[in-house]
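Just so it is clear, A, B, C and D label the chains in written order, and each chain counts residues from 1 on its own.
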Amino acid sequence: MIIELKPEASEADAKEILTQIESVKLKPLYMPGTERIVLGALGDEIVLHSLNITAHPMVENIKPILSTYKQVSREMQSHDTQVAFGQNTIGGGTFTVIAGPCAVENKEQMFESAKIIKKYGATGLRGGAFKPRTSPYSFQGLEEEGLKILQETAKEFNIPSVTEIVDANHVDMMEPYVDAFQIGARNMQNFKLLKAVGQTNKTTILKRGMSATIEEFLLAAEYIYNEGNKNIILCERGIRTYEKATRNTLDLNAVAYIKTKSHLPIIVDPSHGTGIRELVIPMSKAAIACGADGIIVEAHYNPQIALSDGQQSLDEAYFEKLMSELTPFIHASGKVLS
Amino acid sequence: MIIELKPEASEADAKEILTQIESVKLKPLYMPGTERIVLGALGDEIVLHSLNITAHPMVENIKPILSTYKQVSREMQSHDTQVAFGQNTIGGGTFTVIAGPCAVENKEQMFESAKIIKKYGATGLRGGAFKPRTSPYSFQGLEEEGLKILQETAKEFNIPSVTEIVDANHVDMMEPYVDAFQIGARNMQNFKLLKAVGQTNKTTILKRGMSATIEEFLLAAEYIYNEGNKNIILCERGIRTYEKATRNTLDLNAVAYIKTKSHLPIIVDPSHGTGIRELVIPMSKAAIACGADGIIVEAHYNPQIALSDGQQSLDEAYFEKLMSELTPFIHASGKVLS
Amino acid sequence: MIIELKPEASEADAKEILTQIESVKLKPLYMPGTERIVLGALGDEIVLHSLNITAHPMVENIKPILSTYKQVSREMQSHDTQVAFGQNTIGGGTFTVIAGPCAVENKEQMFESAKIIKKYGATGLRGGAFKPRTSPYSFQGLEEEGLKILQETAKEFNIPSVTEIVDANHVDMMEPYVDAFQIGARNMQNFKLLKAVGQTNKTTILKRGMSATIEEFLLAAEYIYNEGNKNIILCERGIRTYEKATRNTLDLNAVAYIKTKSHLPIIVDPSHGTGIRELVIPMSKAAIACGADGIIVEAHYNPQIALSDGQQSLDEAYFEKLMSELTPFIHASGKVLS
Amino acid sequence: MIIELKPEASEADAKEILTQIESVKLKPLYMPGTERIVLGALGDEIVLHSLNITAHPMVENIKPILSTYKQVSREMQSHDTQVAFGQNTIGGGTFTVIAGPCAVENKEQMFESAKIIKKYGATGLRGGAFKPRTSPYSFQGLEEEGLKILQETAKEFNIPSVTEIVDANHVDMMEPYVDAFQIGARNMQNFKLLKAVGQTNKTTILKRGMSATIEEFLLAAEYIYNEGNKNIILCERGIRTYEKATRNTLDLNAVAYIKTKSHLPIIVDPSHGTGIRELVIPMSKAAIACGADGIIVEAHYNPQIALSDGQQSLDEAYFEKLMSELTPFIHASGKVLS
């Protein structure tokens, strides 16, 4: 339930009601706004009715939350959430370009790649140290050694970094190395991992599962949010369909739809979303156009020697072209690069 | 096979070779260019080898066509095809906005709707007279009466018109009424209909089947092209996936991909592609951004009384917003409204 | 609406009510049963209420038809429909095995193939004369010449025959040649063709579209039924999914589900449903087990030289194995081969 | 690579070659058979060639493993694997019926449900203590308390038990409570969990991910097998498709296909595979018929009060009917209940 207090209600009034909510084992939420305080109560709504909260003199209005996801919905918060990513901000009028290799392979590769993306204006650096791979016989990543290289690169080029986390036990070890966690598509419903990340305050990019519905995607974000971590950035990365000409089907409908339903920022991964280098630029432009808050793309100083995903990685010439072609569309959308 | 002649080869040389190609029952194609004449031979390539065409003094080079579709592929023609639509042109630098009701219901509805879309700059009018409906008990359209109303409206507002054709036997009857035929998603592999339309010279919008692969889509276009009708406009209208929050999943990957593989223009239908009015504007902007040559949208002067698809139809306020928000993206893409 | 008359109601009473139904432009249905007469009224239910039929002394009960499909639903007819196929019967306790080549190629091929399938107990012969092919450059069938060969083969081996119809204009020409029409997956929503076949009395096998929902499938059957042809056999032939190890995903859930919702018989096509010869036998056994009324499989005396679908065609050894392994499962299901 | 030794080769010969394989950092596999010893070498095949193993006098033949999965493929082991499940055996001629509630709720529920399933012949008991739920606000299971109830029930009714494991850290805690682990669809690519379970010797039922390809499914099994745990039972539980009449689309093609590609046993979950109680019996019969080694179904003494999945749970009458209708199909398939 969403409980709107009267404009004249004080913080003390709010606390009184929150205590009542807590007393019947519902989860209380405190959301002070510029015009009034709004409260929330999550859990069995029948219990809430027993409290007879409408009778409280400072309560103006009570309404149910219709969506199954609650705290990440626009019903609960109508304005856009902005999330810090290092020195930058994602969401609410900015457009973010995170780029870098699929996997951290060595220092030379990371430095050379970071140099390129920074040169043309990227606002974030990606690189995987723990790689969830379909086959046990594929390269699994450099692990902590990779995190060190990523950290060193990010410092050298003064660019915020993000890397994938695959294990709830890694949270403490990984946190100091990077500016943001990424939860990959395969782990979107690894609830143990979602809760662990939710208990930190770390900016987290949550990728949509490859056949997750939009509702399941937002409920996965709700798992993180419900633990207290509000620094969530959603990421559409293509869904699995019958069409095989492209690696996945990038679902930009989902971006436009989620913008109407959730206050969280959402970025797009056109590299995995298409799997084809030539499609990354047009689909990045489409991402801006439909309302995305940024993109995350694979870029490598020499894709031909990349250990994974080389066929979808941008080289320097392509990355330059991407940034140059994006510019008029960022302007058209009224956003600024951040 | 594609047969490139030497720059000095004459039309007579070309005819000589085409006659040889025809003599072994292959389909000969004549494609004069600015620098040289290019010929094509469709059919069993083993037969072609028996001709030993490489030995002809005016042949410079022979290469196979790798894609299963031939004449609609960029291998056969590298430059963009432009197709006339009434006084306008679709493809090759223009952006088209076709709008109108799902079904022609009566003259008032058509005149009122046309007035609105014309006012804000639409370059084409749509309206269905023969409606293929999932249930035999749903409204099936006004048939020829509807075509008359559509024609009258198009004349009154001086705007080219398009309507769906569902029956090969209707070709002659329908041709005088409209500027273009549309072949709907359900009929994309109605080969009888494709061939019948292919034998006319009428501009034809071919919609992608709801679970057609890109290859099947281009092969369906090849059916029309192979009969002689080159005035084909492809239309991406969303594919069927597991996701049900939107009516279909608009596959903009397919637009960007087809642009690399085929010389035909391609437009996008964000109304059927999303099924939700609020998503039509963002997805129209995404369509321009990823390279589409136009959009076809449902618009109605009063969607609440529409007999079909009211929930995805734009009213005047929405249509005005669409055209106004599209403008900067058309500029960003370097195209002009046509 | 379904209108149950009292047990004592006469045919004259029924006619009186049917006339009333017709007077308000609803479609009247007359369904005499062993215990009582049941009537139906299809169309706008509000109109029906205006008749106040409940007030008629011979009306016992009126209830709405909840499914969108009406006449093919179990709500309208609870017992299984049985459909004649030449001398055999499909549905209601029998199990049918229709087999034969994908396409009719020549007389030798048909005679040799028919000899094999007849030898091991097949109860129907298939063979395509008009082939709807994805590419305009693929073999399109022998057309009427193929129908003559099919007819000659069926007579020689005394086995009923079925062939695909692709064009509403072919109905009269094709009817004398075969015992049943087949409407292919690509034409499941070719409403013109459905209506044309519905106006005959010919047994018709209707294949599910490759991405048709069960509801759309039953509504397509309703198009045929609504024109007067009740001799419909549904056919599940696999749906299009992300899985590419098999040609299609055979949806046996749909068979079991449709058995609860419709009175029409349903058969299974494990050849197109899997695309792999080795899977045809296990999936045929699964078809019986989940309640199907028969199978339709591709069999060829020499699949290696087949012009189409050779990789999924059964040769003699495989067909013998199929029939021998099916037998205990037919017994287990309490059905008899017909 | 698969290395077949000569029939006369001794264990000492085998060890000599395995030592060579290990010396170049390949994974050596020792597979003694009744006629001869077969060895395997997993890893970079180029390295293997450098060993020149064909030159060894006791090597008869070397061949590559063509599938991406190696140890679980029939290329590596042609005979069926049999896996112990408590006192029973799954695979290789037996048919297993595992039944029980979705979630362990309390002792009465488990005892009453176990009594019913045991009465009619079930050979395994299921019950979830850790429930991965789409929403953070849904019932998440009784956790260790639930495991205790499950263990007590299994002992009381002398029936082996299986429960879902969701966290790699739970392995040691959970192992004593149950006869088998289940890895759920959402965790099929939780590689951390797969490896943890692979390091035990516990029988493990691995469910297919809801949009996993067959290849990804077998590679997930390879992750477990590669750690040393060979006691793996695959489970097909329905895939996500566009069809919404059923909860999932049960992919029995996959069962028949996997039987040709892998030596591991595979069972079917018709409860999640259909989501509809009425379809569980026909699809269980189809499972046997297409070659499955068992089924796992939801059964509850009173589905109306179940906290989850009540609509697909069988009550006593349905469970009796299931076992009675299965019997002739188990006979038809030549298997025995175990």
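Here, contacts are C-beta pairs under 8 Å (C-beta built on N, C-alpha and C of every residue); 3 or more make two chains touch, one makes a residue touch a chain.
Keep in mind the model is a prediction, meaning the values are calculated, not measured.
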item: Same vs different contact residues, chain B with chain C, by half of numbers used; value: same
item: Centroid comparison with chain B (C-alpha atoms), farthest chain; value: D
item: Of A-D and B-D, pair with higher C-beta contact tally; value: A-D
item: Chain centre separation in whole Å, for chain D relative to chain A (CA means); value: 34
item: Distance from the mean Cα position of chain D to that of chain B, given in whole angstrom; value: 49
item: In chain B, residues with contacts to at least two other chains; value: 211, 240-242, 244
item: Chain C residues touching chain A - in the complex, by the definition given at the top; value: 211, 240-242, 244
item: Sites on chain D touched by chain A in the complex; value: 42-43, 68-70, 132-137, 166-169, 186-187, 189-192, 210-211, 216, 219, 222-223, 226, 240
item: Residues on chain D engaged by chain C in the complex (per definition of touch); value: 211, 213-215, 238-239, 241-246, 249-257, 259-260, 273-274, 276, 278-279, 282-283, 285-291, 328-329, 331-332
